[in-house]
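Right, one structure below, let's go through it.
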Amino acid sequence: MKKLLAALLASAMVLSLAACGSSSSTTSTTAAAAAATEAAQEAAPEASAEPAETIKIGFAFPMSGTAAMAGKYSTHGADVLKEALGGVIEVNGVEHPVEFIYADTEGSEEKTTNVYQKLIEEEEVIAIVGPDASKCALAAGPIAQNAGCPNVATFATNTAVTETGNYIFRACFIDPFQGSVAAAYCEEQGYKTACIMFNNADAYAVGLKDAFIENFDGEVLGIEEYSGSDVKDYNVQLTKLAVQNPDMLLLPNLNVELGLQIQQARSAGLTCPIVCGDSADTPDVANVAGDAIDGVAYVSAFSAESTAPAAKEFVDAYVALYPDELPNSNAELTYEATKMVVSAIQNAKTLDRDGVRDAIEAIDGLELPSGSMTMDATTRNPIKGGVIMQYDSEGVTHFVSSVNP
Amino acid sequence: MASILQFLVYGLQLGSVYALLALGYTMVYGIVGMINTAHGDFLMIGALSTFFIAKAFESINADGTYPMLIVGLIILISMMFTGGIAVTVEAIAYRPLRYKPRMIALITAVGVSMFLENFPRALPFIGPNPRPFPTLFINRTFNVLGASITSTQLIMIVLSAVTMIALDRFVAKTKIGGQMRAVSMDKDAANLMGINVNKVISITFFIGGALAAVSGICYASAYPQVEVYMGSWLGNMSFVAAVLGGIGDIRGAMLGGFILGIAQIFATAINSTFGYAVGFIILIIILLVKPAGIMGTLTIEKV
Amino acid sequence: MSTILEVKNLTIKFGGLVAVDDFNLDLEKGELVAVIGPNGAGKTTIFNMLTGIYRPTTGTIKLEGEDMVGLKPYQFAQRGITRTFQNIRLFANASVADNVKMAATMHAKDSLLQSFLRTPKMVENERELDEKVMDLLRRLNMADKADLLAKNLPYGDQRRLEIARALMTDPKILLLDEPVAGMITTELEEMAQLVVKIRKDFNVSIIMIEHHMNFVMPIADRIKVLDFGKTIAEGVPEVVQKDPKVIEAYLGGALNGNA
Amino acid sequence: MKKIVLLLQKLSPFIGCLIFYIVVTVLRSHKIINGYYMQVLMFAGVNVMMTVSLNLVNGFTGQFCIGHAGFMSLGAYGSAVVTTLIFKGSHFTGVAQLPVFLLSLLCGGTVAALVGCLIGIPSLRLKGDYLAIVTLAFGEIVRALLRLIQPIGGARGMIGIPNYSSFGRILFFVALTLWLVRNLIYSPFGRAFIAIRDNEIAADAMGINTTKYKILSFCIAAFIAGVAGGLYAHVLCFIQPDSFGFTKSSDFLVYLYAGGSGSLTGSVIGAVLLTILPEMLRFLADWRLVLYALILVAVMLYRSEGLCGGKEVPFLKVKRASLYKEPIFGAKKNAAKNG
């Protein structure tokens, strides 16, 4: 028995070490990147005597766990660009094969740090796109920063995310901006009183709520909370808010919760307009809410009915690739983040992580579905305007107004 | 006053979901003696299968409602399907561990639960997206003393009460119920008495799974959204409810479910910030006062 | 000789049922008293009261003058009353030596910190304890089985281990609950010798529950006979044996059979 | 010679971890293993500590705690408060760093241990599943309260925690935990725990104050879990209340029972293998957790006593003292002193 145990333990050790050893061919990451750059620069004039270096871009999304839907849309968004690139990126006239590497974060910070290490150290990606949640970006950001790997977060709205360091960017709004857009819209509409119901276990909801309260000039009549997206009963909170009879209701919550909340708000007797954050930009919300979706407004950067060529191109390509669905905000932001990385690779002075970082920081007037985007070099947040979108009774979104507080 | 009544309705609504699920949980526990953490996922399978079955019957759906007969048929198929899954799970994953320490079965159940959640999530045609649940029951709102109560809520509350009574009578009066009680007391002795223990346990799991399907349909009718992770936390809460009532006791499960639901709703109503924590504090207090649950009697080990 | 245990008017009721009614006992130091009676007479219930598992409804238990009623079972053990169990309750997954050591927990001198660090002092204490345990096991002829798991022992040895474990607590009074239940005749003899030896070597008083008259008669100083919770006879074995009430209530029934 | 063997035996967890550390460091310096594996190994180390401490309560004392992540969160927050809020802005480097870090871990452990005692109290009245539910409720209450405390970030979590946990430090604490817990198991305290697990009534009748030992067991386990939580916070550099939910608690239960409860070897094997396994399955993309679940079920079906079947490798055992032919280190001297 003891021998068996010893053997078991030994095999366990060997197993783990063998797993560790599988990457034995790797050399120091920065050295490799530098070497690659040199190779690329030398190879460029002679026009591909050897096959060009493969460029790898890493993606960190929750493909399992309760946030799996966001991950699904995100990968689809990235797929659109992957399809458009056709497997190659042209840099200085050289066609580099490009590889998109998707990794599952399970929506957990711990797993996200593992994913970042894997992408940076083992896959040696040139940049990372994602993750979609602030908590994951906050935990894994320092890893990208320390390794000097540029990272464009997709849906991480917490202000602190890009404060981690100069390698961390994002494609989305920050909480305060979105809150102020929502507040400005509400004032524009002449809402004097508001009620809020938010998820006190979720950073996104808390952030939006705080930013809204700070910017809203009217009176907040009532705030109700709930914890987590486990139990989907919001009747009590909404019934209590209905008594206040506010001019509007703010629901700054996650997309998996919004559909039911909108529905329950209507049946609890809240007839006032409902305003949400950009998480509401998901076809599933309209789907679940059914008739109740009529008139729900939300903050967004992107309008699917936009006639701008970049937007139309994206939506058409998405529907062509995934005929059964429409892009949501996760898909769109991932597409934009990936596009930022790809354009930075094309414009980079040197084809390495630092070069890409500098190029992302220098993005100016990049045509994206949400419009022309310029990177704010000091905060590493995109400078883009907010739009207010509204659902009609069919669950189709319409552009309402463009708000730039 | 009216609002208190209204909250009571909400509490009963949430409580009836817990109660229905806890019934199956407690029955499996009582007879097999295992904590089946995958029970909540049976609820998800019930709701999800109903979604797809209803879709198959969509052509009969006239003006947004299904005929009563079809609704019955849909529910029946879903119950059979979920019951079948439960029986399969038991036969493959739990039966070989029947005489092992119960913690082993618990961990296996965690694995089963993870499988039941992730398998449909990985399937391309199901995936992680939440889906709107079809309207099965006619939705009408009644006003009682200023509180509004919908027909769905009424159906849920009545259904859980009826199921509890039926199950209680079933176990107490029928032949197979008697065999279940025998198996719950002593599997080996039951076997010697000529009872087919495997069959009895299979039936238990079938009923448990079918009940989970019913609670899934009720839950999804009240909160019309189905997705693959919907059952995991509900499963935990129904375990809490079953323990609160005195685990293994059918009436206790019912009572525990309603008490938990009402406690959570009222705690939220008083202060939604602390509501979540207060619900659990109430739970601990009840258990400290009644260490074997509300209906359970403390079994003193014979020395 | 002095009285070590004084039990007066011990009565316990479960609901309406009087399980033990007015039980009295003055145990002398070094004495061996047997309590006999048919099944359900309340014998084990008396033990449960004498070890704190049940709290008597009325009555007093005094150990060397100290009132014991209301104390917890472990406090009874710490003050010197230990027992064996009729339905064997060993620490099944521990070795024989560990089973005995576990009973020495209350005498352990090591602090938590010493145990964590396994200081030389602690190791020395462990070694002393180990020697003490081995010595005890040797005296009970179990030394060769010290490293076996308790659950793997044969039945007779499990009973002996229960006794060894009880002795390890350094008791003043040892309560033996049916020490030969389920044993065959040849083992009876051994056990009788063992009980006598223990009484002498360990200087303990013993109260013993037993059905087996053949086992009890030669070794007990006194016998108390219980029926339906009431003491129906008391005295030296020879007298009790001839008591018509006893013959009617007990001997007439149970003794005809195996017991 | 014999003395050296004994000393090695005595300090085996440290020696084992030291060897492992040297191997990993050498491999790392030769670039054979990269930062990814270091990261996974660090989490594996934290998980080993969590599982060993859970083993103390569930495996050795026979109680049933299913809210262990609650203790971890208290430790994580407790220590993060010290390093991030109290010594704010001065991210210590070099020599000053270690004492601050140790102090923070001590604080984290102490906070967790105090609450652990509190949770031990219901265990006097409640048994089995009823106790389990109370520990689950406790975990949820802790989580809910942490969300509401704004100075530590509330639901948004705590950011800017310095990266003080290194692989070596975590490995040291793993060794320390194994060493201390092993010593405890083979002491009067450990025997009392096992006695309570095997037969509470008999333990009580043998003079063991079951109440005291049960609370003690909870307390020690909570302390270790708190320290592990502190290490975890300083690996991740960011913590938020929802990381420590029931899912996390059930992870530790899985590690414990899949490894084999009541055995330290089992805890180590279970935690390490099951932390690494999901990472090794990454090539499966969407189907990763499906296969992980199947493997877990298969393990439980084919090795239901756990991977190491409740047995202990020799170097995590302490032999009966009298089996040593001569007194152990220093014992003679002490014996003389006593005499």
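Should a chain be cited, it is by its letter among A, B, C and D, assigned in written order, with residues numbered from 1 in that chain.
The rule we apply is simple: a residue touches a chain if its C-beta (ideal position, glycine included) is under 8 Å from a C-beta of that chain, and two chains touch if they have at least 3 such contacts.
Here the structure is a predicted model, which is why all the values come from computation and not from measurement.
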Chain B and chain A - chains in contact with each: D
Chain located farthest away, centre of chain B as origin (C-alpha): C
Centroid distance [mean C-alpha coordinates] between chain C and chain A, Å: 72
Distance from chain C to chain B - Cα centre to Cα centre, in angstrom: 49
Centre-to-centre distance between chain D and chain C (centres being mean Cα positions), rounded to whole Å: 40
Chain B-chain D separation of Cα centroids, rounded to whole Å: 34
Junction residues of chain C, two or more chains touched: 53, 85
Of all residues in chain A, the ones touching two or more other chains: 64, 200, 227-228
Touching two or more other chains - residues of chain B: 118, 121-122, 273, 276, 303
Full enumeration of touching chain pairs: A-B, A-D, B-C, B-D, C-D
Interface residues, chain C side, partner chain D - complex: 51, 53, 72-74, 76-78, 82-83, 85, 89-94, 97-98, 101-106, 108, 110, 112, 114-118, 120-124, 126-127, 129-131, 134, 146-147, 165-166, 168-169
Complex interface listing, chain D residues touching chain A: 23, 27, 31-40, 43, 144, 147-148, 154-157, 159, 163, 235-243, 265, 269, 272-273, 276, 279-280, 282, 285-286, 288-289, 307-309, 311, 313-314
Residues of chain D that touch chain C when the two form their complex: 10, 180, 183-184, 186-192, 194-195, 197-199, 201-210, 216, 262, 318, 320-322, 324, 327-331, 333-335, 338
Touching residues on chain D, where the partner in the complex is chain B: 58, 122, 125-127, 129-130, 132-134, 136-138, 140-141, 144-145, 148, 201, 246, 250, 253-254, 257-258, 261, 286-287, 289-290, 292-294, 296-297, 300-301, 304-305
Interface residues, chain A side, partner chain D - complex: 1-2, 5-6, 8-9, 12, 15-17, 19-21, 23-24, 26-28, 63-64, 102-104, 106, 108-110, 113-114, 117-118, 120-122, 134-135, 138-139, 142-143, 147, 158, 160, 199-203, 205-207, 227-228
